[in-house]
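Before I ask anything, let me first share the structure, which is written out below as structure tokens.
Here the chain labels run A, B and C in written order, and each chain numbers its own residues starting at 1.
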Amino acid sequence: MHMLEVKEIHKSYGSCEVLKGISFTVDKDETKVIIGTSGTGKSTLLKCINQIDPPDKGEVWLDGEELTNLSTDMNRIRQKIGFVFQDFNLFNHLTALQNVSIGLEKVKKIEKEKAKARAFDELKNVGLEKQAGQYPAQLSGGQKQRVGIARALAMDPVIILFDEPTSALDPELIGDVLDVMKSLAGKVAMLIVTHEMGFARNVADEIIFMEGGNIIESGSPEKMFNNANKERTREFLGRISCLYGKE
Amino acid sequence: MVLLGINNLINNLPFLFEGLGVTILLTLISVALATLFGILLAMGRCYGRQPLPFIIYIYEKVFRGLPLLVIFFLIYFGLSQQGIHLKAFYAAVIGLVLHSTAYQIQIFRSAISAVPDGQKTAAMSLGMSKLKTIYYIITPQVLRFSIPGWSNEFTILLKDSSIAFSIGVVELMARGDAINSMNPEGILYVLLFIAFLYFILVFSINRGLNYLEKRYRISGYAATSVR
Amino acid sequence: MQSLPQILEGVPVTLLLTFFSISVGFCIGLLLALGRVYGKKAISYGCIVYLEIFRGTPLLVQLFIIYYGLPAVGIIFSPIIAALIGLSLNSAAYQAEYLRGSIQAIPSSQMIAGRTLGMTRLQSIRTVILPQALRISIPAWSNELIYLLKYTSIVVYIQVRDLTFQAKDIASHSSRYLETFLVVALIYLLFTFVFSEIVDRVEKHVRIPGIGLTQTVAKRNA
């Protein structure tokens, strides 16, 4: 049995169908990268998975539980699904440390001192122990995003969903965030929407190419970059490699 | 003439200070209740299910459109005609709260909408329930955002409390009116002194809350321009 | 219901008080706002003192001072004149604050752009700053209009025979407070709806595309 299973997801906004039957799976500690042009429903797909924006049709299963079943307690499930946002969404009124510890304290009900210690460890892992006492508005974009990752990791998730984690960052800050993500590969399952082709090529176990609300093709980086089956896939990867460089 | 006026003022000082006490009490009770209802109804208007937001909207429209004096008369004399006899002080509290709540809903509502949507999404993604999200994430930010508008409303309510003299609450303004009818000679000085007392109160409230806003401001995060 | 004509007698007085005071208050308020933003130190300071005093004390106290207090120093006004003066001076202070906010919301680059065209400071204010500032102050100004309409009711306490005065008179004779004041409440509500509707229309009519749709709400994340 797969850890995460997405079956035939459909989602529309008004008359516009954003997702037209998406299916795939993610196994334990596997890294999957979703690529595709903007506006093809990649972010919507992630929000359909953790039911922040539930799908209209189709099923999502995690560890044998159906998330799309309305009787499932999503507040419990979401603790197991980390989420890292494009625009960070750090809690503006909390310090970096409090941002990481609040989920532990208020959701997992871990005692305050222990939660703080754990949060501090997580910040240390992303290289931000010095910034623990600072507020989001005092951090750079790259630092904010690393706090966002630490916040997700602190909850001990089985999978983390990344929604274009580096798109809002200045180019020179992207590296730090990607390094942190690279270090997680193989330790926790990750589903990453990104335009960073070099990262996808080096880190992903599988790449999924989406367009127009459908999965066009998926496969290993080797296959996708060197001999994709579909013409459209080759075209897209050729164009984006020109833009972003081969590696 | 000046001497007479000052004499009149000094003789009446204790009388005036009693009135000041009533004014302060009336204001504090009313502002506390109106804030509580204002926050709750603003939450109801933003997060409640129809028809709740619509009902709150109508309430706002009506009570923001009625003169406080008319509200006081309806509550005090109108209800009394129906056999419900309220003490003037309580009638004034009810009137001030009904009126100020309608304004405070708006203050808290715009503070709520100033909190970015992503804050809620992020909290839910951590597994927080809706209530926890509102309590731990939304409210602390909303309260900070609303301080400027709220402190403005606080001073408006203080000034409005003077209208309570119309239904016979013996607050500061009523004392001035009483002195005026007993001894209109040199009333100017008594009235100026009353104005001075109100001024000091308004000034202190503004300063105090200004300090509070600076103190709790989130470093680097603009908590501005929410009316 | 036979007392309705008497109630309606008060309506013109209430409307006169509202419109006169909002207009005069606007003129004085504009001067105060400009004085506060652009004036030399002494002028700016003088404006602040005016604003603090009139916004720091209740309107009722101000009206009492003008009507009952000033005769002590030989200045005597009829009730209606005292009311017009009090409401105008009071409203000026509040309008000045709205206008100042709008003036300061216009980026300073607008003034610089005006000056680089060779305009004087005054010309830039008149032709560049104010046309923008006045437009964005309309919503706040509409609030002030409603406030003023409501607050005219307290002039009964300086013997002005406005809407509320007539109602009070009828009610105290007939002991029918509830009915009388419900009718009065409806009349005030009707006026507030009509006023805000009109101001709304005006705002939409003079709106500059892309400007002033949203008062900048608290800065987002970044």
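The rule we apply is simple: a residue touches a chain if its C-beta (ideal position, glycine included) is under 8 Å from a C-beta of that chain, and two chains touch if they have at least 3 such contacts.
Just so you know, these numbers come straight off a predicted model, no measurement behind them.
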Handout entry: Two chains sharing the most contacts, counting C-beta pairs only
Key = B-C
Completion exercise
Most central chain, judged by mean Cα position vs. mean of all protein Cα atoms, is B
Handout entry: Distance from chain C to chain A - Cα centre to Cα centre, in angstrom
Key = 53
Handout entry: Centre distance in Å when chain A and chain B are each reduced to the mean of their C-alpha atoms
Key = 47
Completion exercise
Chain centres from averaged Cα atoms put chain B and chain C apart, in whole Å, by 20
Exercise for the section: Could you list the positions in chain B whose residues touch two or more of the other chains? Expected result: 116, 118, 221
Practice task
At least two other chains touched by the same residue of chain C: list those residues.
Solution key: 221
Exercise for the section: Mark out which residues of chain A touch at least two other chains, giving numbers and ranges. Expected result: 87-90, 92, 136-137
Handout entry: Contact footprint of chain B on chain A as seen in their complex
Key = 50, 52, 74-79, 81-83, 85, 87-93, 102-103, 106-107, 134-138, 151, 155
Problem - Touch list for chain C against partner chain B, complex - result: 52-53, 55-62, 64-65, 68-70, 72-73, 140, 146, 149-154, 156-157, 164, 167-168, 171, 175-178, 181-182, 184-185, 188-189, 192-193, 215-221
Problem - chain B to chain C touching residues, read off their complex - result: 1, 5, 61-62, 64-70, 73-74, 77-82, 110, 113-114, 116, 118, 145, 155, 159-160, 162-163, 165-166, 173, 176-177, 180, 184-188, 191-192, 194-195, 198-199, 202-203, 221-227
Handout entry: chain B residues touching chain A - in the complex, by the definition given at the top
Key = 116, 118-119, 121-129, 132, 136-137, 140-141, 144, 218-221
